[in-house]
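Structures follow.
Both complexes shown next keep chain A, but they swap its partner, so chain B is in the first and chain C is in the second.
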Partner chain A sequence: MSLNDEKKTPENEKDGRVVFRRKGFQFLGMGLQDYIRVFFGGNASLAIIVLILICLFLLREAAMFFPDHHQGLKSYRQGGQELVGYVSDEVDAHTKVYSSANIAYFAEVGRTSIHEDKQLRAYRTVLANVEQSTKYTWARLERYLDEAEDLNDDVEDLREDIEEASADAEADAEDLKKDQAELAEIEARLKQLEPLIAKEREQLEKEVQTALGTSRVWDLDIAARGLSDEELSMVREAVVFEAYPDAEDEHESIQNLKQVSRDKKAAEAERLADFKETLNGIRDSIRPMKSLYGEMKDISVANRREIDAFSTAPARRAALLAGVEQTDDPAEKERMQKQADEVVIVEPDYDAINEPLYALVPQHGELAGPLQDEMNKLFRQLPQEVETKSARENMKRAAVYYERFDNTVTNNRDRILDWRHDAPLSLWTSTTSFMFGKHWITNSSWHDFYGLLPLFTGSLLISIIALTVSVPFAVAAAIYVNQIARFKEQSFVKPAIEFIGAIPSVVLGFFGILVFGEALRNISQLEWLQWVPGFPMAERLTILNAGLLLAFMAVPTIFTLTEDALNNVPAAFSENSLALGATKLQTVFRVIVPTAVSGIIAAILLGFGRIIGETMVVLLVAGNKIKIPDFTEGLGVVAQPAHTMTGIIAQELGEVDSGSLHWRALFMVGMVLFVISLLVNWAAQRTLKRLQKI
Partner chain B sequence: MKTYMSDQEDQMTLEPQGEDAPVQDQSAVDALETVIEVDHVNFAYIPGTDVLKDISMNINKGEVTAFIGPSGCGKSTLLRCLNRMNDLIPKAGLTQGEIRILGTDIYHPEVDVIELRKHVGMVFQKYNPFPKSIYENVAYGLRIQGVNRKSVLDEAVESSLKLAGLWDEVKDRLDSSGLGLSGGQQQRLCIARTIAVQPKIILMDEPCSALDPISTTIIEELITQLKQEFTIVIVTHNMQQATRVSDRTAYFYLGELIEMDVTTKIFTNPSQQKTEEYISGRFG
Partner chain C sequence: MKKSLAILALAALAAGVNAEDKIVIKGSDTLGAKMVPQLAELYKEAGNEISFEIAAEGSSTAFTHLQASPADVGMSSRNVKDSEIEAFTAKGMELKDWTAAYDMIGVVVNEKSGIEELTLEQVEGIFTGDITDWSEVGGDAGPISVYTRNTSSGTYKSFQEMAMQKRDYGADTQKMAGNEQIAEEVAKNANGIGYVGLAYCEKDGIKPIAVDGVELEPKNAKEYPIARSLHYYTVNGKLSEAATKFLVWATTDEKAAEVVERVGFIPASE
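Right, the complex of A and B next:
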């Protein structure tokens, strides 16, 4: 039976047989069902196509990073900057030793005068607060007082003139009269000023008293807290005394305090004279090396300029020639043509430009050995026993830095001798110096470094904090809500936790800056919490702050997924366990949680993915300092600011030239993030599959 | 003559028992010794609508008692009342009457339900080993009681698996997952898990309904053996199974106990009209 025959018969039956023919909407051989299928399938495939396009775009832009980066590294070597970099490392390492020891010294010097300094600080804080709230009246009063003073001077002058004039008979009567008139005028003005000044003074006094009555004014700097009532009333008196513009000197008690503080410091300084002398020795020991470094640096900077000029010359010339094509103005055209012709493309003679650097290498060798010996001697002379906590910490740090300095110099000796500007640079270097580079320095007049390590450690530290805090909370909350809570609690707690996920991260970041960071810092200053590593914190925007906020953000993700995993555990397990005489808690922790454990791990992994990909909060709260955190402080490292992989992209991508090396480096950072997320998701999927097998 | 009430070991104790609690092993049991007394019990899931109405029965030690009846007649509900599994359902509870097991009113406020369930084990319709090894499945009941000595556990696992007739099949792979066994084996593993805690009574809620005929036969044989040591109450839909395994049978209909008697009598000469209609297959 052919198709045509079917169409002619509207009935479904033909010759007594049922014909299973399609009915309803038909177009181009496809029915309504087919079109619906195509529509939904098309949407799904569109998403996949977009994903593939994004991947391709990312890949292309990121892959171009390596040749460009390689070129940059090559210039760095050819210009001799690499060599100078070694010397610079030595100088930097030395500076760190000196500054740590120096901080320790000043902490020691101020040891005995802590109490006086505390009072002085309180005085300054309160005074500043009072001045802030009385500044308008203060300014008015000051203006009147200045005017009055000027006028009084004038009056005195005039009086003298008049006296002289009256004594001298020859004087011009006219002048005398004029002076007298002027005097009268000024005195009138002075009379006028008197009530004004009195009024302002009264007003100022009122304001000062009001200000001193508010607690905000007494919100002392943390270092100035813990004064007795007596001392506070002394501060109050001194502030009242100082609050007027015509106060000549500071209050007596403040002057005394200052004197005592100075004396005590001087006494301490005398006691620590050896310390100071050693410090000065350390400071001076680097001088010859530093001047050698300066000399070398100038040479290599000039070299680099020459190399860069050469490598950008063709592009510059092309741009000028293109300009010639585009302008209509003949004069302009000629000027540009001339400029284009002037661009010379001559490769610098690398041997020649590095010659002066090689000449300086022996000099470095002569300096390095004695420097090491001297530092060794001086470092041993530093006092081993120090009194204050800050000094102890800084001395400990100085010891670590000294070790590093010594190693740097030792390691550099051969490296500097063997260094060649034309040593081959393998392609692999551009990858390793990106992945393991310790510096991310851009727009620098020296050399741009694109090292992932500072960003990666920042991201990692923040994620670790966020996970260690959020996982116990979220998992415990999920177990509680799913297994233990009553229905009423459940229906309250669950939406409440899930609501956290609805808070925009930028709002959370705002909260982190304004409220949480400040609160955290205040807590870190508490006396009885000083045993916590990293406390007291100097900064508001720190790894810890960002980590805790991210923990808060990750809680709903981990909570919801963990709760799902627990929900997926068959109810029969719980029933079986209870029937064996297990308590509810035994059932939860011996049967239900172990059964759901792969789901919980997947939840944690997805939470990690959420944390490491989060941008806004870390950009606002992490402090954005592009530097590998200083791990010499142990766990206290979390009190430092850091930058993250996500944050750097958000911050810098908008400001760089598209296609530049910097631009591509940011794409590479994005690629690394992408790969991390991919791995995390893949691992999560795998563990989830294991759960489903049960 | 020794009656069970005077026997201290038979008394239901409310304190947790030590790991070496005496095993109840009286092979020569007086067949008419009552261990479960159900006394005019009404039960409701939702207050106001009783699903069990005025049930009274005695279940004897060392016997297999079968509960039969059409779906929704309350037989499973009664079974779950016996180890208070119904406590898991909010608002459900006895509205009248008492259930005494080994002489103790199990719904008395001072009764520790955990302790009760150690004495009254349960095997469910759907076999459900935990996602742990075979060994850990059987040892679970002892571990939650705080038994952690390897030798004690080893012994208990071996004897329980032997009793459940599973030892020879799994002794070489005690560390592999309990979920890797066949359905019948898994159900026997669950039985082994239940008897490892040495309960006095085992409740079985349609233990064979999810199994194939061969596995069913094995389980049925197992039940006949187990009654040497345990009092067994079994709910079943399968009347042949009731005739094969049980000593006594109780027929429930719409929440009421219609008739309870020796199994052979129920199936050959029931005294109630409704019972006869059911067993002859006229409805249900």
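Right, the complex of A and C next:
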């Protein structure tokens, strides 16, 4: 391109919209600049179109969920599974009563042997630690010892042979010689092994001592809590004794301890014989109901199979017919055609298949009353006064469960009598049982339940923790950096915080599992921290762990946006305030922050959006327990694992059949997330607009 | 210039040759994590000029993948489902089932636990949530933490069928991504219990327990109550010759059986 070219096109220069001063590249009546404009404009509209398509796709898949889900619930009712579900609830409620009382019983039985059990546990802990750190040497030594043992056996056999042979005059001298040669060889090898074994043994001894010395690990500390030095050294001695591959039975003191523990337990068990008898009574009281339940379950499972076969029969037939079209092999064609003809599409007779279930309903009525009476009697027989804390807690729990069991049976009586397999089921039920359903059970052999509540509460709880932790830090940091910090500090702190946003979330997830989770649990075991609700934590992967990591991830978002909001406060405000004689601090907290507050709220909302949509960290760290957290533990609820809406999609979507109900349910969860994000963004925009008005 | 062109052409040629002699194997994590890659290595070492592409993302992926490209091999730790068979029928294809090996699912607890043995009924109780405390099955008191595979895993389903009488998992169970993660959590939690394939039972910090009095050892495969077969699935008539040769070798050869045994399964030929 030369200057000449430009001069030839003076008309371009007159045009106000010149982008490139070039000779008119013209194609289809449009110049280069027009194409550039179309390109950028086109990109923007393409993005919008793609966004709309995504929304439509999501909406279509999610909308299909409700009719399918409704059909599933209908099959659940038509096959009689709903009825059997009631009986199942009774049996489950009963199991809970028995289990809690049983735990209380065992706590009482172990009451007097607590100290012995503690020593045994410390012994197992130390031994496991030692074995882990010495396992290679241990394995080598074991190999040598095994070899030596085998060889020694051989030597004995050979010696016997030789003895026999030399006593027997007729024996073959050749054989004798061979045996002797072999004997010499083996003995040479044994000689060789001796120093090896000695060396490994020495090495092992050293390693055991080192392992014992460094066994100041957390779990050992906890296991050893409350043991005297004497007992601890006994434990160590027993471990050293047991740490070799050729150790015979366990150390005497351990055997003793075990015996004492057993004896003490037996004595307690004798004292608590009445307790046990009542427990057995409780356990046996459910037997008739359980067998009725089994009988009903078999019927309804068969029913369900029939119903499902009916609903999939057309598809099966269509599949076979399509196969006939596809294959070229005539024999194959004929076989498929025959199979297709055999597929019967007859709707099951719902009245008939439920007949046997209705026939069993009176039997349930006959069992329920006596069961309640017996449980009432037995429950009163349980000891009211128990000694240990654990037993008291579990008895309290048993009382709650008993109450629940009794109510379930009472309420179920009418429900079971009134139950009809052909009762209408509204589409609304399908919606509410998804939105407020308490169970998310998939890939089940009984019935798949898609209830959002466990996932929703998990997501929400984690987000709340993340926000409560991150907001004070992020907002305070933004105020400090923006208003108070010196320039040097600013130029260091700001990029540092913003860098957090660059850490890949999967890396944070790994950190959460391997480092943070472990540290958190260890800290929770500290004796002086036991007043904290939820401590000591049993799990590494918990709501708290995920919440804290997400808090860390949300800090840059909230920090940056808050700082922007503070920057947006007109300089005149602070200048006026300072001119009126207010100090810097007064200006910041009385003028600037209140002015920027809607921007800060918007920042927090967007941070929330960031948290609730985060997937990788919660999938790895939250523990994936699909259950509504147990809020009866108060704040301790954070020590439990949970599952999340984002996590379940990531975990299950990759593997479900596309188009299945499960698949659509996951899309529906995605839809809920989408709506939450949309609402949060909308709210953030609204609050921001209010800021602009001042 | 000419030289580099020639090299390029050669490379393209080589790639073309490779593409023909490639066996693509996809599916179960249980098979694809160790066994199949090691078999493939050995097969190549034995002088077979062939390349492998192996992806282990769960049994279900075996079938979706086989539908898309029927020339390949699918690995599955469970039997094929009816709905999956139907999808194949619709395309005029029929599946062939090869027994790859037998696997025992080990129930593992923390090494520090005093528990050495459980009955199958107790295992069922623990995983369904009927039993929630170790004291109920003869251990030291403490709430049981149950770790299971996630719902898409073949092991999740087989365990349910073999050990839990097809009952649903308890709501308190925690769903982990794979064998490795279960082993890891159980090793770090003194009250943990989970199940893993035989190959993972020897990891640090965990120990397999005897079920119904039968120790978890390959020689007990017949009596051990939680054992299953592992499968290769292929599409009849569509499998390449090279892949057929490999599968026959992998399921019958003695050297292959050694590999299978080394990674902790029981060879199909036994």
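We take it that the second predicted complex is superposed on the first by the 502 of 694 C-alpha atoms of A that agree within 3 Å, B and C clash if a C-alpha of one lies under 4 Å from a C-alpha of the other, contacts with A are read in each partner's own complex, and residues count from 1 in each chain.
Throughout what follows, a contact is a pair of C-beta atoms (placed from the backbone, for glycine too) under 8 Å apart; a residue touches a chain by one contact, two chains touch by 3 or more.
Just so we're clear, the structure is a prediction, and the values are computed from it rather than from any experiment.
Judged by the touch definition given at the top, the superposed model places A:A502 against neither chain B nor chain C.
Using the contact criterion defined above for the overlaid structures, shared-chain residue A:A318 touches chain C, although it does not reach chain B. With both complexes placed on chain A, chain A has more residues touched by C than by the other of chain B and chain C.
With both structures placed on the common chain, the touch criterion links A:N443 to chain C but leaves chain B unconnected.
Once the two complexes are overlaid on the shared chain, A:A128 sits against chain C while remaining clear of chain B. By the document's definition of touching, neither partner reaches A:V344: not chain B, not chain C. When both complexes are overlaid on chain A, the residue A:V591 reaches chain B alone and has no touch with chain C.
Look at A:G581: by the touch rule set out above, it reaches chain B but stays clear of chain C. Applying the stated contact rule after C-alpha superposition, one finds that A:G623 touches chain C and leaves chain B untouched. Listed in rising order, the residues of chain C touching chain A in the complex are 57-58, 60-61, 82-84, 86-87, 89-94, 111-114, 130-133, 135-136, 140-143, 145, 150-152, 156-157, 160-161, 166-168, 171-177, 184-185, 188-191, 204-205.
Across the complex, chain A meets chain B through its residues 487, 570, 572-573, 575-583, 586, 590-591, 594-595, 694. Interface residues of chain B facing chain A in the complex, by the touch rule stated above, are 83, 85, 88, 90, 114-115, 117-118, 121-122, 124, 126, 128, 130-132, 140-141, 143-145, 179, 190, 193-194, 197.
On the chain A side of its complex with chain C, the touching residues are 95, 99, 102-103, 106-107, 110, 117, 120-121, 124-125, 128, 131-132, 135, 219, 223, 312, 315-316, 318-320, 322-327, 332, 336, 390, 439, 441-446, 454, 513, 518, 538-541, 623-627, 641, 643, 651-652, 654-657.
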